[in-house]
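Shared between the two complexes below is subunit A, which has subunit B as its partner in the first and subunit C in the second.
Right after this comes the complex of A and B.
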């Protein structure tokens, strides 16, 4: 099917974004209040039931959606803003300097995001911002690597040399020739990275290194659900499902984008 | 004869590959005069393309001199090569890779006109649609292709675009490296004739690099035969082709189809 992954990915993300936007204006219940009996099964008025403290799960999922999106998008944007220029410079450099940048990224790559987050949480206290910073820093090397590899590929093409022979300054070559041609790859990477960032945020929240008590995130909900896993497994299902769908959505979108943005593939399709 | 525009004097080029030194050019002398058409022929790996890259200042010789309008240009940094970049243009072998797929023809052909390096020299045509349309028309493309992208053109049209880009800065020398070998056989003659007309109308010097002796015989009045980085024979095309002196030229001629 033509562009089916783009459609499904877009639909899933659209759903999550819509949920987040709705949550800004309207919420069935206060997500942080104890609004009903504990551990109620899905029904009315608590559509997805209540958790171990009597909070409305649907409201907490809705409230968590915007936080997850925010953390995912902001951390990836931050990583891209740092990682892409570094990768492009490393890819265009023909001297040892490019190799040094690439090795530096590899060293950062070898440093687990979790360790970074624990470090940040210990130094600054766990919060949405420390989680975001830790995820962003951990995502930088992925962007450096992919931007460098894609840049090196583009540098081998004739039009870069043609640009140099046309007297185009190096900065303009990067801006007008390299960046537009590596953009599809970066878009794919960004989309996949947002999915991974949401997953990472869930992991950090699960360990209590993410957002605070009154800021429900899906990872945090998962941890709270774990104590009740045997008598109320559904409580774990909802946030788990939300995380899975969000990650899947961004991955599918990334794949779809790659097919869609490539002008040569578009001709064939 | 007056002084050459572009000249190689005793040029050696060596490449280092995994510690091994590879000598790509050996004491190459070459002089290109205004309006002259020189064909450089030789087998693959003979150093033909390295000669072009050295003429363009892309490869730095380990010995000898490269002169443009009497000035040494080898080893100069890019920002001091404005004269060379304006005065010597290149048409690459494969237009599929030499044209940026994400730029339209206006952007591609107008690129030399936007160069601050070339602008600083002065007397460059203005960077307008009119300039680009005129040069596209001179290679047989309508103004309506201005906003098209390379993948919307045929292979022959793409190479015309590459020629248009090479002509837009009004150079004195055009270097073409196997300009038709990536093209469909049916459009080769068209593109070669176009190249030939463009060069004679403007009085440009042409350096045509080719392994195809028929192409060189058709277009060039001078020929230089290169074997393993050395110039083994050179002279007027007719003379060299009719009465080759070097055994390598013999072999090349024998291996090519009758002209």
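Right after this comes the complex of A and C.
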């Protein structure tokens, strides 16, 4: 019971990753081709049925898995690469500089990825890239805040003070003592952020501001399913279920990892 | 005096945030590569026409001048004219405010109303199955995209049961009953996800309250658990809920943009998306600035309320 969220989260993520990997090598049908009659109920050979255009839903779901993971993971990695160093610097700095960085992160925190993506789409046209960039930028402040809070916590510990007093260069203190100690907190944040990123991307492609027209994403599939609600409501089940399971997986993983954290750091995460 | 000073500092902070937000929005829509005149006229446009349109839209002038003109207009309530329809932007978006405000306010209220009993129940029964079930429901609710929830509400309550309309909107001034009837499904869709999130905060703050010394004291002198929670715990739990509600407001506003699409409602969101597809940057800027300002102003108000409600913070503010 104690580590069930970690186990279920890992299982769900494993399932999505496996689906994405299988999809790289094998697919029941071409996800972009019209392979069967329109709006067929689940059965054989179309396990999950066909959509309004006669595309195989199962293949499109499999193809969507890699896109969902790619966008979720890459955007969060990008946010971490920018946000973590800024947060650590802000946390270690004892001057006004740290406060300014923290204040800037506070102002930008909570600026919704979707609004940013809409701005990008208006200026540049919507694509996988604008969606990913918007989600990444919107996630940066969360990393700055959490990295700063955790760094400040770690800076108060004896061995860090000792390292500083013994003349270790600041950069080495950050690299050797701060980063390894705040890494678990950042891991929790990253996992939760991927869940949020997947939801945000789904919303964007549902609105038609995400990936291009010929790439199946779960959000876009839901948009198409919506026109068929009266004829074939089941079509709306699969893509939404996939989004929910992927998000749930990363949320649970984050929760499960949090239980393993040092109690002093748990409050921050 | 010091309370006034801290109020003054916060107002300055709010103004600074609004300024930064407006600059960022302006830069994103105006300084990113891409020629708007080209987009509007298409790739076959003659160079002369392009030049004339740039001249007409004022795209040839320096960025700073354009920003200052824009922001000076905004301060006076003039958001410019649409690049596509040539109409006044205020006139375009004002009729749509009602839909967005109704969705956001009701969605948030319903989410709060659901989250308090959910969170308190999950906290008080946290070692029993019933409490774990509620926690699990909120965990699952967090992962569900609101538009997917909306789609299922339509399938169940509009397509099969026919209890509620599948979409559309009726103004509260035209018919309050029809207004409410049309809002049931979209507001529920918005609130499900938010309630799941908020209930987790309620749960953890109630768990905290249950462990406090004064709570044990209240219990020992005969208060029931629910009674002591309501009498003494509500304020503590309410504080943390208030902060999260403020932070989540942006999410609900944006969630409403998507929910509008599910239920074919003509709010700010659908106007914004139309402007995006037309590359009508003046309208896009105006709507995004409006949404961001709403979020910043409401967070400011939440912050102030917090100060008034929590004497501990008030005292810290005075000492500073």
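Just so it is clear, the second predicted complex is superposed on the first by the 257 of 269 C-alpha atoms of A that agree within 3 Å, B and C clash if a C-alpha of one lies under 4 Å from a C-alpha of the other, contacts with A are read in each partner's own complex, and residues count from 1 in each chain.
Here is the rule we use: a residue touches a chain if its C-beta (ideal position, glycine included) is under 8 Å from a C-beta of that chain, and two chains touch if they have at least 3 such contacts.
Note that the coordinates shown come from a computational prediction; the quantities given were computed from them, not determined experimentally.
Using the contact criterion defined above for the overlaid structures, shared-chain residue A:230 touches subunit C, although it does not reach subunit B. Once the two structures are superposed, subunit B and subunit C can be ranked by residues of subunit A touched, with C on top. Once the two complexes are laid over each other on the shared chain, residue contacts for A:238 go to neither subunit B nor subunit C. In the overlay built on the shared chain, the residue A:222 is in contact with subunit C alone; subunit B does not reach it. In the superposition on chain A, contact is made by A:120 with subunit C only, not with subunit B. In the superposition on chain A, A:165 makes contact with subunit B only, not with subunit C.
Of the two partner chains, subunit C is the only one that A:111 touches; subunit B does not reach it.
Judged by the touch definition given at the top, the superposed model places A:207 against subunit C, while subunit B stays out of reach. Note: no residue of subunit A belongs to the subunit B contact set and to the subunit C contact set alike, using the contact criterion stated above.
Those residues of subunit A whose C-beta lies close enough to touch subunit B in the complex are 157-159, 161-169, 172, 176-177, 180-181, 263-264, 267.
For subunit A in complex with subunit C, the touching residues are 5, 107, 110-112, 114-116, 118-126, 195, 199, 202-203, 206-209, 219, 222, 225-226, 229-230, 233, 236, 240, 243-245, 247-248, 251-252, 255. Partner subunit A is touched in their complex by these residues of subunit B: 56, 58, 78, 81-82, 85-86, 89-90, 92-94, 97-103, 107, 111-112, 114-118, 149, 151, 162, 165, 169. Those residues of subunit C lying in contact with subunit A across their complex are 16-17, 20-21, 25, 28-30, 32-34, 139-140, 142-145, 147-148, 151-152, 154-155, 159, 166, 247, 250-251, 253-254, 257-258, 261-262, 272-273, 275-276, 279, 281, 284, 288, 291-292, 295, 299.
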